[in-house]
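First chain A sits with chain B, and in the next complex the same chain sits with chain C.
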Partner chain A sequence: MDNDDGFDYLFKIVLVGDMGVGKTCVVQRFRSGNFVDRQGTTIGVDFTMKTLNVDGKRVKLQIWDTGGQERFRTITQSYYRSANGIVLCYDITCKQSFGSLQRWIDDVSKFAAPNVVKLLIGTKCDLEDQRSIETEEAEMLQRANGRIFFKRKPNPNWISGMFAMLETSAKNDINVDNAFLELATLLKRQYDQGVLEQGATGTFQLGSGGTTSINSPWQRCCQYT
Partner chain B sequence: MTYSSIPAINLPMHSSFSEPNSPLKEVLGEKWQTASCSDLGDNYVKPGPLAKAKFNALRNKREAIDRFLKKHKKEDLSLYIDELRDFAISSGGLVDDEFRAAIWPVLAANLVQNDDLDDVSSSYDSDFESAQSDFDEESPIFEELTELTLDELKGHKEWNQVELDVHRTLSRFPPNISDTHRDVLQTELIPLIVRVLSVNPRFNYYQGFHDICLTVLLVCGEKDALPVCSNLAKNGAFNNYLLKTLEKSVVRELDLLYVILSRVEPTLEKVMRSVELGTMFGLSWPLTWFSHSLKQYQQIVRFFDVFLASSPLLPIYVSSAVVVYRRASILSCEREMPFLHRLLTEMPSELPIDAIIKDAVYLSKLMPPCLLKTNYMNEYRKIVAKPHRPTVKTIPRYALQFMFVAGTVGAAASFFFFKQIHPL
Partner chain C sequence: MDEKLPENVDVVVLGTGLPEAILASACARAGLSVLHLDRNEYYGGDWSSFTMSMVHEVNENKITPLTTEQIAEISKIHVKENEKLIELGNREVVENIEMTWIPRDSDEKSMKEKLEEMGQMRRFSIDLVPKILVSKGNMVQTLCDSQVSHYAEFKLINRQLCPTETKDSKIQLNPVPCSKGEIFQSSVLSILEKRALMKFITFCTQWSTKPSEEGRQLLGEMADRPFSEFLAQMGVGETLQSFIINTIGILQPRPTAMSGMLASCEFMDSVGHFGPSPFLFPLYGCGELSQCFCRLAAVFGSLYCLGRPVQAMVKEDDRITAIIANNERINCRHVIMSPRFVPEDVEIQKNEKIERVVFATDKSIKVVEKEQLTLVNLASLRPEAAVSRLVEVGFEACTAPKGHFLVHATGSSCGGDEKSVESIAERIFEENEVVPYWKMSFTANSMKFDTKRLGANIVVAPPVDSNIHYSNVIEELEDVNLRDFSVDLQESDVDLRDSIVDLLDAGVDLRNRSVDLQDPGVNLRDLVVDLRDPGVDLRGSDLDLRDSDVDLRERDPGVDLRDPGVDLRNFCVDLREPGVDLRDPSVDLRNPGVDLRNAGVDLRDPSVDLRNPGVDLRNAGVDLRNCRQIFCSTWPDLDFLPRAMKSEEEEESEEKSEEKEENAEETAENQ
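Coming up: the complex of A and B.
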């Protein structure tokens, strides 16, 4: 258990996706740097957290790892509601898990806040020889669902929808940390904007005006891969 | 009494998979292959009066069960179901896996039914899937289940999912099982589960049911595991979980945990309710009879002894007893939902299993299911409906963070603003 209470930002992240795509392995790799082959099934929802350093600030991520089996789906939906970010997972070697994404996306739009930030990750990218989903295919899906700019709320440059796609491997430690770092970075910057715009009122409310562009700093973090 | 005077067990059973890690095995040589009570094994390392007493009590029980089984060897053990249930519930449980392999099938064939006619969910609308009362009579008997060929089983809608889940059961096997043996067991487990699911075409497999079947397979072996698991699926608590949605079965049962706590530990109940903890932390407890969250094999089989011999709602009472046992940790934990969720999800590796079982059985006598689901539930609803006045007002930590950030920024902004108007 990490007892480092100090943090500057706190965001709630929920991982969703079909069972067996490796959500728990991704979380495990991110949290402790380990890889457990044939991880047990997740029944219900597990919780973990980790603090990252983003732009010199401590960003604490509360990560909810949901059980992917159809039967747990309705139970875990209540965890979407207060999520700031959603990580949608599919397995690059499993067509079905990719095909299910639309249902997960629909669920998220139904139960999560409208301004929730979504990241798409393909898991098990170490299994290149078994690949059945091409990177381009996933990128197309990401673009089709991505970067919805809210015109008024919370602020004109707020990026919602699916802002990026990454292929990861928990086994070979590829892109797992990046995925969470990208998510944390985007969330932090967007919230900074929200706070700055409403700062003078003394309460935290997401802004409804302002012009600062989120795109330029964002592109820098996409170069990690 | 010397150890050698204890008779060897002659029942036709396969060898046990319990961990023979305790020094008992050395002391006792070949006689007892297992030392199923981990309490005994650990304490016997450092002898003391209490450890000796515990050891003697367990040895006596082991002998008593052995004598009993020998005496009634030729009879139908179902005739002695009360005695068997007593063995299973009382301190130490069935002690050895050899005994378990003989007694679990009898317990499973005579499961305790709900002591009241309507179960938790029947008072609600049951439009989704019908309750267990209308269980179809044409469900296949065990012979038919056994006759299903591997190809037929592979055609079952759940085969693929079960196969995937079974491959992920690595951590569930006791460490004294070799890799080859584990492979054999895993290969047996998949058709076993699918056969059980074939009992009723309306059964919906859930992740966690494989944990139940695995435990039974480890103890009873392939042949006996099928009738045991089928009985559990047909007549036990799992029937509801397999037939209904989880919200309408296990989640409603878990809601009773708060009703129990509100009566035995109101402080705990208030803390848990005030952070909106819910019951998700304990979802796997009734679904897998704790086999998903307990780390030691001995603890798991000990719980199975009791559950096989008790009302289908006992796992909920045990869940409550586990929460009460962790009272101090809960009260000293940060009053936030995620922290409490994580605290309770992670089961401590050392648990006083016998004490928890005793507490749970006591709770089930104190507030039997029929009262719990009716009067007590209604009373609890009234408590919850009252406006809640927390004794200590807490401010969410992020609210403070955001207020601080916003306040600082605001102050800076006004500073710069006024500086612009009145340059110093």
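Coming up: the complex of A and C.
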């Protein structure tokens, strides 16, 4: 069970990708372990939370859905703000959704923090007979965009860019948990190694009960224990 | 991208500025289908924030008036015989825009090149309408209630500077102490002044607990006199007077005793709510807020489409029936628009011109160790003008790269160039050795229109205004008369205020309500079908009604039954006088258009029944049974009724009691 009170790390993950690639199904599978063959666009889903265990620590992921704003490519910049990880999704049976990835990558580099970690996932890999994007093609795209090692001190092992590519199926439960676990693991390790970029300090969110103090977008991920 | 827009929606919202975004989110949250359009490729319209590389877009006018041929063509395809085409306007809310990079001797390479090279241009967030939020103000309340607060982060405006002119006519910027501690530490005030200030604060604290009428009486004849006179009467010396008036003047320019007291109390009430300062600034700039409300609207199903040419409206009698955008016709029941879209032939009732200048600098106007978000009220230097202020925000507010600042000057115009906010800002820069490297100036028009003749179902959102806070915007939105909308929402007194304020929990109710009423034809028509041929239906009504049960659940699961007011209430309305309705069905039922389609009339009227749905529902069984008596002996088993109407709680409690029994058995066994 997901326990709200206890976590050691908190990361914000946002999903992007064309309409209909099955972003919501992936999140749904990850969160509740079931598959709902939904029709139509997502309504009323803001973000979902799930806590994973990584190296013995509780890593809480706050996963944001697009709210249907991908339909006309009108995702607000504020959606990308303070995201720690981005999951770029395409549908392995839909060439167009793969073709759109470059535009999503451009959006991410325009609006998200420069050190954001990106994961590429192909969805619907259970539909092998309808496949129109070969695994190698996606891997090439990932390599072309990924694994930028920051050489400069003090974080020589910092990785930005698109660090991995996974083909998933929410229907048959292939690689979904894995994808988020890999992302969480990477984020946690990166965080443990230190923060690359210092943002503004003393920021907070409004809450009816007063402030929710957040010292920086990154300190939010700080250890509570 | 070329996907078609929907053909029918409840509400079309034109413009993604903050007021439109709030209205869109309220409508979406209330369950109405919303299409939100903007001609720009970016969010926020005239309330937007821009990066340095995008700011030129504010100057790009992509709209050209329709040609006669275009009008003829649109009319031919989209406008029916009894309808009229009205071209939408493109009002110049922001005009006279000038942008310049200012060369500086100290720069080896131009700052523009430097910033571009380092990829820092996108780090700017240049607000068209820079404002602050009062910690206990209605904007913060709205953000919290709507949970839009999830999407945004804020910082305290941690420095308020009060300018005074020294003897050698220099502008001295004194920090205003906000909290008790700051007052005592302040070096600007003498001990006597500190004491007088504390006395005044104590008076305010007591005064604020009184109801407003009593408060006014307490001020006596002074109530409508200038605040300074009142303060003098209180024994506040001149220096301190100007200090207080300067501080609260940011909320209430030119205060009277009454408005000054209200502002003072608001100020003090907000101090300490989120921190020592009463004011907040949204991280990444104020344009962020409209985006956040748009996200909420989108999460609740509102459809967003930017960069579409929104061309015209279609009007029938006094109502707008459709919007023409990108040569597509979108039928709608309501239109919300920003002032920008008001047709050119509508007269401007009132226009306040706001002078705006934005400077980019690489040094604060008053350097201290830690970077601050700064507010400066310039009223004392420009007493003739109603509004004169500076806001300096930089890296700490995520509106500029590290070490850089944006200084926003805002002022209402008053004759004479040497007295413009721009010239005062430049004086402050010069005296503090700040050399701006970029400047943008423009005039913002705060336009009000008489829109009554425009259409009964049009709402024009409040314009940008010169206030530093959002209070007036929210107040105006609360006053937006959505009577048309509210008919749909069943109670004519449901106005936007409710849906904004109660977005949190009322959303559910409103949503459900509107789903039913939005499309009242369906439910009621279904009933008509059943009743029109009562023999058949009633004989097989077991099936019919169970089917309708299923339908309704699918349409909006649980709503109809759990919040059964609507369907069953309608039942009640019809069945309350079953003799009349049903025995002479030709009147009511064959002409259902009259009674049922104007459900508003029926529903509005029997307020007693509807507002006490419990009573109706409990009696529903009785009513139906009466029908049975009246109608026939073939009325089927009514078993399903109580089942459908049994509340969840009952079922739960039943389950629980079963569980208990089981547990009891288990413990017994264990023993």
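Please note the rule applied: the second predicted complex is superposed on the first by the 174 of 225 C-alpha atoms of A that agree within 3 Å, B and C clash if a C-alpha of one lies under 4 Å from a C-alpha of the other, contacts with A are read in each partner's own complex, and residues count from 1 in each chain.
The criterion applied here is as follows: contacts are C-beta pairs under 8 Å (C-beta built on N, C-alpha and C of every residue); 3 or more make two chains touch, one makes a residue touch a chain.
Only a predicted model underlies this, so the values are computations on that prediction, with no experimental measurement involved.
Chemist: Answer with first, second, both or neither: which of chain B and chain C does A:10 touch in the superposed model?
Modeler: first
Chemist: Output check: A:69 vs chain B and chain C. Expected answer is one of first, second, both, neither. What do you get?
Modeler: A:69: touches chain B and chain C.
Chemist: One more residue to check, A:77. First (chain B), second (chain C), both or neither?
Modeler: In the superposition, A:77 contacts chain C only.
Chemist: Does chain B (first) or chain C (second) touch A:110, or do both, or does neither?
Modeler: Second partner only, chain C.
Chemist: Considering only touches as defined above, state whether A:20 meets chain B (first), chain C (second), both or neither.
Modeler: first
Chemist: Which partner does A:46 contact after superposing on A: first (chain B), second (chain C), both, neither?
Modeler: After superposing on A, A:46 lies in contact with both chain B and chain C.
Chemist: Give me the intersection of chain A's contacts with chain B and its contacts with chain C, in residue numbers.
Modeler: In chain A, residues 41, 43-47, 67, 69, 71-72, 74, 78, 199-204 are touched by chain B and also by chain C.
Chemist: Applying the document's contact rule, which stretches of chain B touch chain A when the two form their complex?
Modeler: 161, 164-165, 167-172, 204, 206-208, 210, 245-247, 251, 278, 280-281, 283-284, 287-288, 292, 338, 341-342, 345, 397-399, 401-403, 405-407, 409-410, 413-414
Chemist: Spell out the part of chain A that touches chain C in their complex, as residue ranges.
Modeler: Interface residues on the chain A side: 41, 43-47, 67-69, 71-74, 76-79, 81-82, 110, 199-208, 210-211, 214, 217.
Chemist: Touching chain B in the complex: which residues of chain A?
Modeler: Residues of chain A touching chain B: 1, 7-10, 19-20, 37-49, 62, 67, 69, 71-72, 74-75, 78, 195-196, 198-204.
Chemist: Quick one: which bits of chain C touch chain A in the complex? Just the residue numbers, please.
Modeler: That would be residues 1, 3, 43, 122, 140, 143-145, 149-156, 273-275, 280, 283-284, 288, 291-292, 294-295, 298-301, 303-306, 395-398 of chain C.
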